[in-house]
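Per-chain numbering from 1; labels A, B, C and D assigned in written order.
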Amino acid sequence: MRIAFIGLGIMGMPMAKHLVAAGHTVSGYNRSRAKVDEFAAEGGTAAASVAEAVTGAEVVVTMLPNHPEVEGVVLGQGGVLESAEPGALLIDMSTIRPETSIAIAEAAGEKGIRVLDAPVSGGEAGAKQAALSIMVGGEEADFTAARPVFEALGKTIVHVGPHGAGQVVKAANQLVVGGIYGLVSEAIVLMEASGVDAKTGLDVLAGGLAANRILDLKRESMVARQFQPGFRIDLHHKDMGIATDAARQADVSLPMTGLVAQLLAAARAMGHGSLDHSALLKVVEQLSGRA
Amino acid sequence: MRIAFIGLGIMGMPMAKHLVAAGHTVSGYNRSRAKVDEFAAEGGTAAASVAEAVTGAEVVVTMLPNHPEVEGVVLGQGGVLESAEPGALLIDMSTIRPETSIAIAEAAGEKGIRVLDAPVSGGEAGAKQAALSIMVGGEEADFTAARPVFEALGKTIVHVGPHGAGQVVKAANQLVVGGIYGLVSEAIVLMEASGVDAKTGLDVLAGGLAANRILDLKRESMVARQFQPGFRIDLHHKDMGIATDAARQADVSLPMTGLVAQLLAAARAMGHGSLDHSALLKVVEQLSGRA
Amino acid sequence: MRIAFIGLGIMGMPMAKHLVAAGHTVSGYNRSRAKVDEFAAEGGTAAASVAEAVTGAEVVVTMLPNHPEVEGVVLGQGGVLESAEPGALLIDMSTIRPETSIAIAEAAGEKGIRVLDAPVSGGEAGAKQAALSIMVGGEEADFTAARPVFEALGKTIVHVGPHGAGQVVKAANQLVVGGIYGLVSEAIVLMEASGVDAKTGLDVLAGGLAANRILDLKRESMVARQFQPGFRIDLHHKDMGIATDAARQADVSLPMTGLVAQLLAAARAMGHGSLDHSALLKVVEQLSGRA
Amino acid sequence: MRIAFIGLGIMGMPMAKHLVAAGHTVSGYNRSRAKVDEFAAEGGTAAASVAEAVTGAEVVVTMLPNHPEVEGVVLGQGGVLESAEPGALLIDMSTIRPETSIAIAEAAGEKGIRVLDAPVSGGEAGAKQAALSIMVGGEEADFTAARPVFEALGKTIVHVGPHGAGQVVKAANQLVVGGIYGLVSEAIVLMEASGVDAKTGLDVLAGGLAANRILDLKRESMVARQFQPGFRIDLHHKDMGIATDAARQADVSLPMTGLVAQLLAAARAMGHGSLDHSALLKVVEQLSGRA
């Protein structure tokens, strides 16, 4: 396929390269020219603008930091909707608010452009290994058409519902992950302050109903206070903002999510934004006078 | 061994029977005589009082609802400390506040009676199948001495620290479990209110970093609103009281635990006390006007 | 002065009329023509568009529901910034996110248009009686220039800081008010469930350190479950969204605000959006199985 | 009247002296003999034990730190119930759990001893100036009989309901006070982090619906970070434990109270236990990386 790829960052670059490797013709654009050159050196085509990248593409993939960037690139002057041809398929793989995904689908629909929201989880490692989980919202037919793209990038690929549904599932994922970090952190602090060896205690928890992947992957590093990322607090903080926005949009009350969002905000405000999200432990420690 | 078993309830009865089946001489006592008779019919010895059960026992096991009952049976008139012989080993398998376990160990120590706190997880099913997880606090030598008892009752048997440590680990387990129920409930409500099929969404979560045993075991029943226990809200509510007491005793601040305790209190206050703890979902639904 | 007034709603209409009564020449615009006609019948000038209202005005007042409307009216095509003359003063009295107020001030500054953010409290009654509290952000000189406008509308008129500061103070006000409603609600539910007459108990609270204006004004109506507005749950819910957005923008963690926001979201989700904000009591009752 | 006064601490000593000054015959007891001697030097009678103080008294007043002390002094060996004569009136002015007040009333009733729970607010200053607020639970006739005692000690004296009701109202008072400190703290942090002068902002809040006594009395000291007590964090932390216990006993869910309890636990865990309760601000600052 002829693919335009907008956003050659930490996630986007390895994803775009996988598409090249899968045999697609990929025109890449990024605000910083150095990234575009790097991509061209690996078999991609350098584009000097969004418009240049998008013109003639069957599929446009966007992988951008947050909703303002997506709105700018897609809806703005010289953006995707101005340059893409009717019938093109826009796959936004950014993690953004569901309401923006829905608004973009509506605006694109008026121009005959089809849209999928397809946020991913799995982080930089998943992007590099083409092992992402991809949660897709939009029309079934468009999901089917996009399969070759998704299969070059991920392993778990699920069509979860209409426009915005991919973002909702991603938000649900992030609120559960953030919340489990908070709970495990509280378990650690309670045990340590009570004179219990936290590693031994967490081993027991990992063998019962409290078992979870974060305990499996991170309990040793958390007890050892090793917080190199992984997935940064700053990004998880952004995602909790999406979760609370999504809750507001869906007119639901999510008290635990509201609290997790504030705890991640604390982690960031305390200066831990570039640490792994497991560093939420540092907030709980601070609250208990143990840091 | 000659074992006294005090508390032949839903958990205690199958546990006491396993000890009989393992070849021990077990004298059983319960406030309601019918339970004692049932136990005697299965090879146990009927005791008419705590004192009668305990006299001559090498090991005394208590399995009681909460700390007032344990205090009554152990410290009260005609209780374990009055009747047990110096050198006897008291294994309290009730789930109670760590501070009570510590106080009992101190009081027993003055009489030459050794004590372990050994709360369990795994519920009625685990008790029946001798598949409990047992978290043990106390002296290493006493833990070793108690091994034959524990091995007749459980699979995961861990010495986690000094007196009270078993209770602390159990409290940590319960706060994580209760919290994950809350998070999964919020994920379900967010997805359903956003028009996403919750079952499909949870399948995706179960494949990534949000994976946890509750998703594995309960996501279908939660989405189907099937809440037959399992482990009752009332019991989990009691356990959250223990977790917040333990936090207070350890002088730590656990904001998520504080909130989970209030959500479980809501589940109970709303009349769901006898449902499975996964019915925490009903509280989140109610808060979102969806029940 | 020649004043344009955009937004003749429940708040805006009486405010615009006060400006007419104070002797100003006021050109009014609203999306619904009926409101414009009503305003013209009271001595105002009817405008058929934002542009028509704004052209030739020294001062432009906007009183709109939320930030998208303000962005549309001010920054959009045919909006205030296109039509107002350099040197004009835009006073946005809407309650919106501080970051939007700041963005508007920047955009306006590029066109030589001065801006104040001036949200109000006091509700419909305050608007009708020209007794609003007005919290003003922006330049001191512009505040001074706007005094005649503010004095026709309110009683407490305070310049609280730079652009956006008015919105920040309004947000702070709303988080405190919403939170006190939650606390008083919890006090009522605790007392009633404990068999204490809530009215008597609140009388005691109102005489000590817990005293607050909400107890003064609303304790009788809350105990009697009379929730006619006043200030609607829907509006307070909107304002809590502003407070959490402002916290995010300021990079602070506000756990109580996060929880109050979810409780107000619950009040709305449960269908109480058009009741007075004191109806937060209904959420606390529901959580305790008492409604 | 012949009065026994048990507990001559920071609160109890000035209270007992007021009773002497009002013409009563007061026999005082305290664990530390120095306090008893100090009291005797001011016109009281020194008692060497609870039994000695209580024997022959018409009224017994207890003013003790928490429920274990009250249980010990009242229910323990050599305690009030063993020594007081039938018909005596026990007034427990300690702040304790409602359930303990109820249990004591039941135990005393069996011995023909009447009981009131009568916790106070107003702190050390209120005790010294005989200006306490007194919240009384128990029988109306006993309340009437106790009036001369209360009138020597306080200004606001209210019979709020049956046994335990005084404690419930005190708990309600403390949860509202603690919560308002949290809310005002969040308002301050939000304003300061947003570049708004907090003092100016709080002045505006104090003029509107957010007005409350804490803003009146403490906003200047809070903004100036002056936290000399006043009422210590440690004591308010104890009282939040009573509030959450009371909620549990009444089978209600109080989410804000649950969070306030954890924030006060944080203040204590961070080492601020001996500061004024307005130092809750330090926790909110810490969470926002501003301390």
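Please note the rule applied: contacts are C-beta pairs under 8 Å (C-beta built on N, C-alpha and C of every residue); 3 or more make two chains touch, one makes a residue touch a chain.
All figures in this text were calculated on a predicted structure; none of them were measured in a lab.
As a test of understanding: of all chains, whose mean C-alpha position lies farthest from that of chain C?
B
If you tally the C-beta contacts, which comes out ahead, B-D or C-D?
Higher contact count goes to C-D.
Whole-Å distance, chain B centre to chain D centre, using C-alpha means?
35
What whole-Å value do you get for the distance between chain B and chain C if each is reduced to the mean of its CA atoms?
Taking the mean C-alpha position of each chain, the two centres sit 51 Å apart.
Any idea how many Å lie between the Cα centroids of chain C and chain D?
Here the centre of chain D sits 39 Å away from the centre of chain C.
Can you list every residue of chain A that touches 2 or more other chains, as numbers and ranges?
Counting only residues that touch two or more other chains, chain A contributes 247, 251-255, 257, 259, 262-263, 266, 269, 287-290.
Over in the complex, which chain C residues touch chain B? Could you list them?
Those in contact with chain B are residues 255, 259, 262, 266, 269-271, 283, 286-290.
List the residues on chain A that touch chain B in their complex, please.
Residue list for chain A touching chain B: 98, 121-122, 133, 135, 156, 158, 160-162, 164-165, 168-169, 171-173, 175-177, 179-180, 182-184, 186-187, 189-191, 193-197, 200-201, 203-205, 207-214, 217, 243, 246-247, 249-257, 259-260, 263, 284, 287-290.
Applying the document's contact rule, which stretches of chain D touch chain B when the two form their complex?
Listed in rising order, the residues are 241, 244, 247-248, 251-255, 257-259, 261-263, 265-266, 268-269.
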